[in-house]
Amino acid sequence: MGELLELRELTVSYRTSEGPLTAVRGVDLVVRSGEIVGVAGESGCGKSTLASTVLRLQPKDAAVTGEALVDGADVLTMGWGDLRAVRWAEASIVFQGALHSLNPVQRVFDQIAEPIRLHEPRVTTQELEQRVGQLLEQVGLPRARSRAYPHQLSGGQRQRVMIAMALACRPRLIVADEPTTALDVMVQAQILDLLQGLVRDLGLGMVLISHDLSVLADVCDRVVVMYAGRVVEVGPADELFADPLHPYARALSGAFPRIGDPAARYAPSGLGGDPPDPRWLPQGCSFAPRCPHAVDACRAEEPPLIDFGGGRAAACIRVEETR
Amino acid sequence: MTRTVDRFLEAQRVGVEFTTRGGSVARALDGIDLSVGRGEIVALVGESGSGKTTLARTLIGLEPPTSGEVLVDGAPMDHSLRGLRALRRRVQMVLQDAAGALNPRQTVYESVAEGVRLHRLARSTGRSETEIVAQALSDAGLRPPERLFLRYPHELSGGQRQRVLIAGALALSPELLIADEPVSSLDASIRGELLALLLRLREELGLGVLVVTHDLGLAWNIADRIAVMYLGRIVEQGSTEQVLESPRHPYTRALLSVVPEIDRLEPVVLTGEIPDPTRIPDGCRFHPRCPCLLDGSSAAAGVDGDCRSTPLEILPAAPGHLVACHLDAKLHGSTAPGAGLFTDS
Amino acid sequence: MSTADVPLSARQVTWRRRRLATRRGWGEFRRHRSGLVGLVVLTAFVLLALLAPLIADAEGLEASRATGGVLESPSGEFWLGTDERGRSIVTLLIWGSRISLLVGSLATLISMVIGTTMGLASGFFEGWPARVLFRITEWFLVIPFIPLAIVLASVLGRSLLNIVIVIGVTGWAGTALLIRSQTLSIKERPYLERAKVLGAGRWHQMTRHILPNVMPMVFANTTLTVALAILAETTLSFLGLGDPTRVSWGSMLENAFSVGAMTTGAWWYIVPPGVCVVLVVLSFTLVGQALEEIFNPRLRRR
């Protein structure tokens, strides 16, 4: 029990002018309360599609199969009334790019109050002011900031407002899509601290999506690494970062060097090539064209997620040889 | 003043002031001494608002300094049209936003050839334009270059765009490349390759690089020296090993402690953000956020008064590990760091 | 890398790129049905105007040689009847299309050149010169067109060239405003900064970066302006300010009005030139809108 979010075999595809594009391919994911689960991957790997599908915010023309259970109820099949209740009150989402997600001509107060007004029409103005004030304090902003317009806030403060909005209806699950991208290291550290504190204090469940594996390793309990729409590795965050099994996860973890590590001095590590176009996935393992360890067997068949014990699994047939 | 060979581009007490709409004066750069030598990779590190991009723009002549001056190979930078044109051949810059820095209506070929045409390099070097463009593209790691000639920016991946920008700069065979956040917009797996490219260009072409970044890991990967900026000043500089392995300024220490991979440091998350450059604090400009002042270690050393009221000297562009901090000066025995070393400018 | 490996010269590269761009643009245009319809109608009118001497004998324009009666209604001989001097309306329409299209295109050319130059300059430069140019643009924008055109036309005299000048000189302000706003937005793009870093001067920045990026807008705007210019020509001719020696759709309408075709029920004298004006203006607008949508990604539906 306590499974706030469970994705089963989730697959999302779009129709494009150049043929179908499968952005997410058979993803399984479980988030319990009090837990932060990280989703790592590069642009185009399907992580943002995954985030929006959890609240059925994917584009209308997307074809979705599998299940997305929020508190046991399948978001993908429920009626509009139930879906409205789930959005905000059960689960809410913090998008990347706080500058563009806030309405520039509305005060912070009205933006945070809006979801509360929608979900609890009988709330009084006094209560509302009380609630918004509390929310702002919860995200580390002074109450007086509720009178401000978005342009009067710094990037970090705007991201805090976004988090306050997400918390407005007391959800139990938060999906944060790149919440610290475009923020400075110090502000990023502040926001990550805040998110960790909220999960701890309010017993929330959180999906944290980022391209930066080192950030995820720092704040998450478990991490899922995605490549070309598939999960290629799952595991406890620190183990996965320190000793990745999948060669792609290894490349991601190596991209952010440990400062002080003589091996990384004058030796940045990286992969050649670009991620594949999801419309033209290569035969077999989709990572094989960029993989330094690929053999013929890799190109023949897409490897399944292989269990390595201790909650760790990787979709690679050559883990033992390359470790 | 004696001129040493390893100071190709040098900022001397450079200040840049803006007048804001409200009429107050913002000091984006408030006295910068910095030098970059030939074949040297220097990382300029700081948060947004520290003035690092303004410094980069000043060093390439896009922003005239309101005080101090920039020396190119020992001679003051000529801000006339002709002077700047000549400068562009020697110093090039790769802008931060690779997606926006390429004209969407120009092919890769035209974008890379632009500088070649502007400086009529085909005539002066006796090589054909196509040859120079192809060479620059393959130097930037785009091989075979001909395949990309007719592509438009939107048909390229982020890493390719960044390489095209680098190729456009390399086509002029500059001596120094200024790279503003060269990998921040790129995917993690591409990042290493691009950094390796910068190292290789230094190796093969003797190119000096000034990397502007907020990413300390990047500096560890490629930089010989690091200068840490805070609110328009350099607060610490030295070799990469010195600055990153034994940081002395509390700001550098805080920056390092929040880098996720570093477990050995207790995270010091500073509260608040860099103040507005229209209101630079008195004394040490970092004092309102300084963890050492907050936890009483400055007071214990008896420098808390200085921190709040005595301004610090500008760090000179001299070799060695230099720190602009009252507490550090007290603990390491030297008085106001760098005082008197660099008075003629 | 040796030159032998390089299969293309710089000129070939440019040529190929142009061909690709044209093909892509045409491919997109073909998907706009309304734009295509406009293009077909327009082509028909342009052909009509070009082939006028072959289709309709120019002698039919001379009242002395007219064979029909006064305001004869449509018949087998005169498909659309005759005017008050016995000339065939069809012949007048065909020859009139020449003047209407000619005046429309020439006037547009003038206002495009003035508008683009003013817009680019007032957007690209800073300080008082830009402000002065912008004030002039605004000034031309708010002056009522008809009175200004009447004054200009009566000062310059009634001739074809003068009517072109009058329309061109009064109609550029809208274009200038559009180009100025585009220029202002392109000026802030990072690729202009990149050009500066590469050593580009103002002339290079304007001609190589700003102009190519505003040109598509100019192009789309041109077709819309032609429509307005043709309407303006019709209006001025209707008011009797056109060249009295030449037939245009506007002058046909003026004549029809003055001989009282309205009251006598000679609809064939009024309706056909009116319909022609509407058709040409409408098809120019349709083509213009399609082009605008292709060139301006913000209008494009995803």
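Note that the chains take the letters A, B and C in the order they are written out, and that residue 1 is the start of every chain.
Heads up, the rule we're going with is that a contact is a pair of C-beta atoms (placed from the backbone, for glycine too) under 8 Å apart; a residue touches a chain by one contact, two chains touch by 3 or more.
Quick caveat, the model's predicted, so the values are computed rather than measured.
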| item | value |
| --- | --- |
| Intersection of contact partners for chain B and chain C | none |
| Distance-maximising chain from chain A - centres being C-alpha averages | C |
| Distance from chain C to chain A - Cα centre to Cα centre, in angstrom | 53 |
| Chain centre separation in whole Å, for chain B relative to chain A (CA means) | 32 |
| Junction residues of chain B - those touching two or more other chains | none |
| Chain B-facing residues of chain A, complex | 42-43, 154-156, 184-190, 193, 211-215, 217-218, 248, 251-252, 254-261, 264-272, 274-275, 290 |
| Touching residues on chain B, where the partner in the complex is chain C | 60, 62, 81, 84-85, 88-89, 92-93, 95-97, 100-105, 107, 109-110, 113-115, 118-119, 128-131, 134-135, 138, 144-146, 149-150, 165, 168-169, 172 |
| Chain C residues touching chain B - in the complex, by the definition given at the top | 1, 3, 5-10, 13-14, 16-17, 20, 189-191, 193-201, 204, 208-209, 212-213 |
| Touch list for chain B against partner chain A, complex | 47-48, 157-160, 187-196, 199, 214-218, 220-222, 240, 244-245, 254-256, 258-262, 264, 267, 269-271, 273 |
